[in-house]
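Mind looking over this structure? Questions follow.
Just so it is clear, A, B, C and D label the chains in written order, and each chain counts residues from 1 on its own.
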């Protein structure tokens, strides 16, 4: 139970801080959230700066071009960048955090050489094509079909909840390469393909969320030809290929968000003090309780990171406990924000109001809380398979 | 939407109040809760007084010796007796509210003549033998067996959660008269018997609850002979016989308890004022919210009673909505009581502390909240059958 | 006692539902919402500039159907019904997510009918006189809702002819133009409810006019307090309608949406979410209806608390049942949630309702039957 | 940073668990609980008259295992470990529902070792000197916990030799006899924790003796506040142990209990109850452990809040999973709930913890790593 940093870790933190102090003031202004090309340029520019300073692929293995940093170093990196107000990973999210690691783990040498360096340099942007309208919680129900035709697959179907699709170069795509039969379980027959987003037959349609913005898109695929060489892993083995990365987590998935929670909470307290609501003990105690919850999220993160460091990786199920609590606290935080704002919580021009809308997705995205509880019950607690 | 009383109803209420004012002061002192024979005597004495005054079997049909009162009259009766602090139905609960109505609906003329008048007069006490250690939520899993031998059934097995077993004359008993086979669903093969509690082979063992008291008992049956003539309804038709009564409800099941909730809440408010905790807005607003909840329970009761009056009876599923809310509010009420008491909530000598323990059964007894939600989802909302 | 709806009440409710479905079908709701600049909560301005404007044609039809004149005496051209019937009508409006300052116009119609200076409320010309017929749109400014800096949010100000101003004790009518001159459009979280922020210090009556308070403190206080209570109850009725509707929506989705080879409504987790939603809605119904009968301030506070809770939490649970689909702009779930948030901020806050109920615990009980 | 348990910490925890299982197995717990007059919460008196008395033999064994001397320097005959190790030991005690004034005796052992008048705490003879060895039983009287009328509840007073009195700012030791003379036995809700009500106005030191406060306000204040914080944290550790245990108990029952032809743990409603219990327990674990490392008052307040909540709510959910069985005296579930209630009332209330954390939001952040 040691929460202090080693000398190496302190050193890493201080060098990072010094670098951030130097470069952040020189960054260009943040782009308009609705201007996708500008966002891409901004995010990729930041990634290039990280790359040039030696911070790109911090948590990737050295063989893949990464820095092979420990989970604690990665934690420090995410903590410090968030606290310094550095840009978020943004458009590089899928490349750095999922597609890249998948290619690093399962790709051929040629595939690694082709796709990994541009991700680290911020030259190419990836998006994710997993979910489908009829395959949400039940991802294995995906129907997008890929039929072999010579050296290509011909792919038809549609994907949903794809971020940055408008500006991505590549899409990590899950497709069905063998039909589901009584003998073929649904998790077989799925393959992982790297789809070039400029291929003929790819249509991207922005998907407007309840927050009024179009952070996601639908991707329609109409007989799109994808070279067989773009398949990572064996044919029909795509489920395993994907889950290797999805289920491997080092406890760092939400570091920035947890730091942000604390910042929002302190800001809420200041606002409440300014507008007089701080004098209401009901609200004040509610904020106090949220402070305990935010502390807990941070400590849980440190716990998971330490366990990952000790054991070489936290199975994804460990993250379910964290995510259940995190989603709940995050939503309660914005409910408290509404309480602080009073009637002004109806003014979407006020801070937190749109964030509150966005936070409604927390108990749904990346595995609903219901699915997470199933995972905890069955895989951690060992209860019999339900349903 | 008329919440006022008719002239007849007002008249009924005033006569009842006048009678209660006259007789209650003359009642003997309440017996020690641990003295079962004294409790029986007290409860039966009260029932005899009701009988002599014309209030026995108020809600029973006239053909069964009852008064054929409307649900509203029954509501008024329960409300006024509770508010006047009159004795609770106590030992006569099963006879008046379940076994009696079952016999009235399904018994032969002879059975009705034998069993109903003593219930109404307070001469005979009934208890209920439904649940078994392995058949709780899943009542149809009951295993107590009855084997036909001449004019008798020979019954062996055990029952649990039986109130007043120590002093009951009769037990309404569900037994399995045909084994479960692939062709015989579990709900068939069950029969309803009136078991004389003094029959050889009946053993009663008190069951201590977490409140420290023995309000319930286990009943062990070792080759007990029960005359076939004591069966109500056809052989193997006992499930239906029982459910006819269980599922027929006029919205009045919790009237006394709802009145009591409001009284407890007002008493909590007075105590909080006296000990200074009323000045804490967190507690005060919590009590305010509970006031809304108590109001809602009363209005829901009036709603259900009115619907019962209009349609001739509320199916049991309507009661599930009420019971879910009621159980929750009742538990929150006692949590608030603990908040009012502070550290004194640890003193079992203080008012409400033992009630708080007892309230823990509300979300379990007579159908857990989980089962109730299943009923609401499947039978009211029409969702597909789960599990 | 017969708390059930009478035959006439059932007929009224069915009529209102039919009216809403015919005149404000889903397509029309979506037109209001989607027209709104394409921006939604996070987009440009929108409020007060046409987007979300009250549909005068629909307003007149509501007037013709008696929605605003429901409680006016028949002699005054009204329908001659009471608060219970008004609650049923407002429940249906909430169910349909009908936008507009319904409660304020309904109340203003009541004031107009009695005519100035009866009940001590001066009438600002024809504006309010037309409220009963749906010719006038009247919104409200509740000075008790003043937040930090004393500003108040007013809905549909740009569409309104007049503003019902509820002061500390007195009430009055001012023209929308007057109030609008100092108002600032706000980017409303609810795309169908434009909002303006009006600075503090607005008086119920313009200088020189008489407000109800000047008739004598007692009557004046009573008038504003009564109007606020009635508005709170009518708004609670809309919350109830929304809460009932989101149960139905969630159940319909749960029956149709298949995952893991079965309708998700067969999963206990979804079943139990839906069951809890129904419990909330039916509980709210019982107190809202009862408050309409008794008009008791404590009953109304209970109705406000439980209806607000039912509308907000049911909308959230409905969203959860819908999963990702519920997070889209296309689904209607978010419209219920946003409107429920708007309504929950109006007339009486949860804190005020809880304090009112707590105070009621100190006066001796006997609240039953 | 390595928040994981060290090998030594793992070994300590395993050793403590083994000790508890060997020396305080379920049969012994049940003997304590069932001996208690057959009355339980609702029965006669019981408290202080033998029922629920501290088992001196067990107490000495705990002493021999270093439970009370865990944090004393090795030079002083202690184990030389820190608060994190103490928290692990107390977690195991909470898991086993070990009764007795564990935190008070542990803290008194620390005071005794430094010897009067070092740290400004006078020692009342041999009583506290034997605390480290488990020869003395020391309970605590926290005057800050005074309720209406100024009275305080004290656990296990009849079994105790000495009482650690925490005053407003100062702390001291008084004999149990002294305190007991004005105490009145209370019918404790927890059959394994006898309680006495002690009237207000007890001072940390008897007249003529010196309490820590007299050494100078700063040091004195610090001492009492530090003791209270450590006690709160050690009690939170017990809550954590109980919360973890009730998850295991619920899961074990859910796997075995068959209804409707399958283990009830296959029903999502039960699965999700159990999953939520685990989330609460693991969340509490992370803050309790972290607070043991940082000893920060805000961290301790968070530990108190989340551990109390985890213990109480997990016990209730465990009871729900057990159904009727959980409502019986024979099941252990109620013992966890009742003890959790007792512990939640000790040292720092939820209200105080929340206010402390709220105040912490005003001092600028930087609470991370």
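Going forward, a residue touches a chain if its C-beta (ideal position, glycine included) is under 8 Å from a C-beta of that chain, and two chains touch if they have at least 3 such contacts.
If you're wondering where the values come from, they're calculated on a predicted model, not measured in any experiment.
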item	value
Pair of chains joined by more contacts [C-beta pairs], B-C or B-D	B-C
Identity of the chain that, by mean CA position, is farthest from chain A	B
Chain C-chain D separation of Cα centroids, rounded to whole Å	51
Centre-of-Cα separation between chain C and chain A, whole angstrom	40
Multi-partner residues of chain D (at least 2 other chains)	262, 266-270, 272, 351
In chain B, residues with contacts to at least two other chains	280-282, 285, 370, 373, 387
Chain C-facing residues of chain B, complex	1-6, 9, 72, 75-76, 79, 83, 259, 262-263, 265-266, 269-270, 273, 281, 284-289, 291-293, 295-296, 298-300, 302-303, 305-307, 309-310, 321, 324-325, 370, 372-374, 376-378, 380-387
Complex contact set, residues of chain C against chain B	1-6, 9, 84, 247, 251, 254-255, 262-263, 265-268, 270-272, 274-276, 278-279, 282-287, 289-290, 292-294, 298-299, 301-302, 305-306, 351, 353-362, 364-365, 367-369
Residue ranges of chain A in contact with chain B within the complex	280-282, 285, 387
Chain D-facing residues of chain B, complex	131, 134, 136-138, 141, 160-161, 207-213, 274-276, 280, 282, 338, 342-349, 353-354, 357, 360-361, 363-365, 368-370, 373, 387
Chain D residues touching chain C - in the complex, by the definition given at the top	267-269, 272
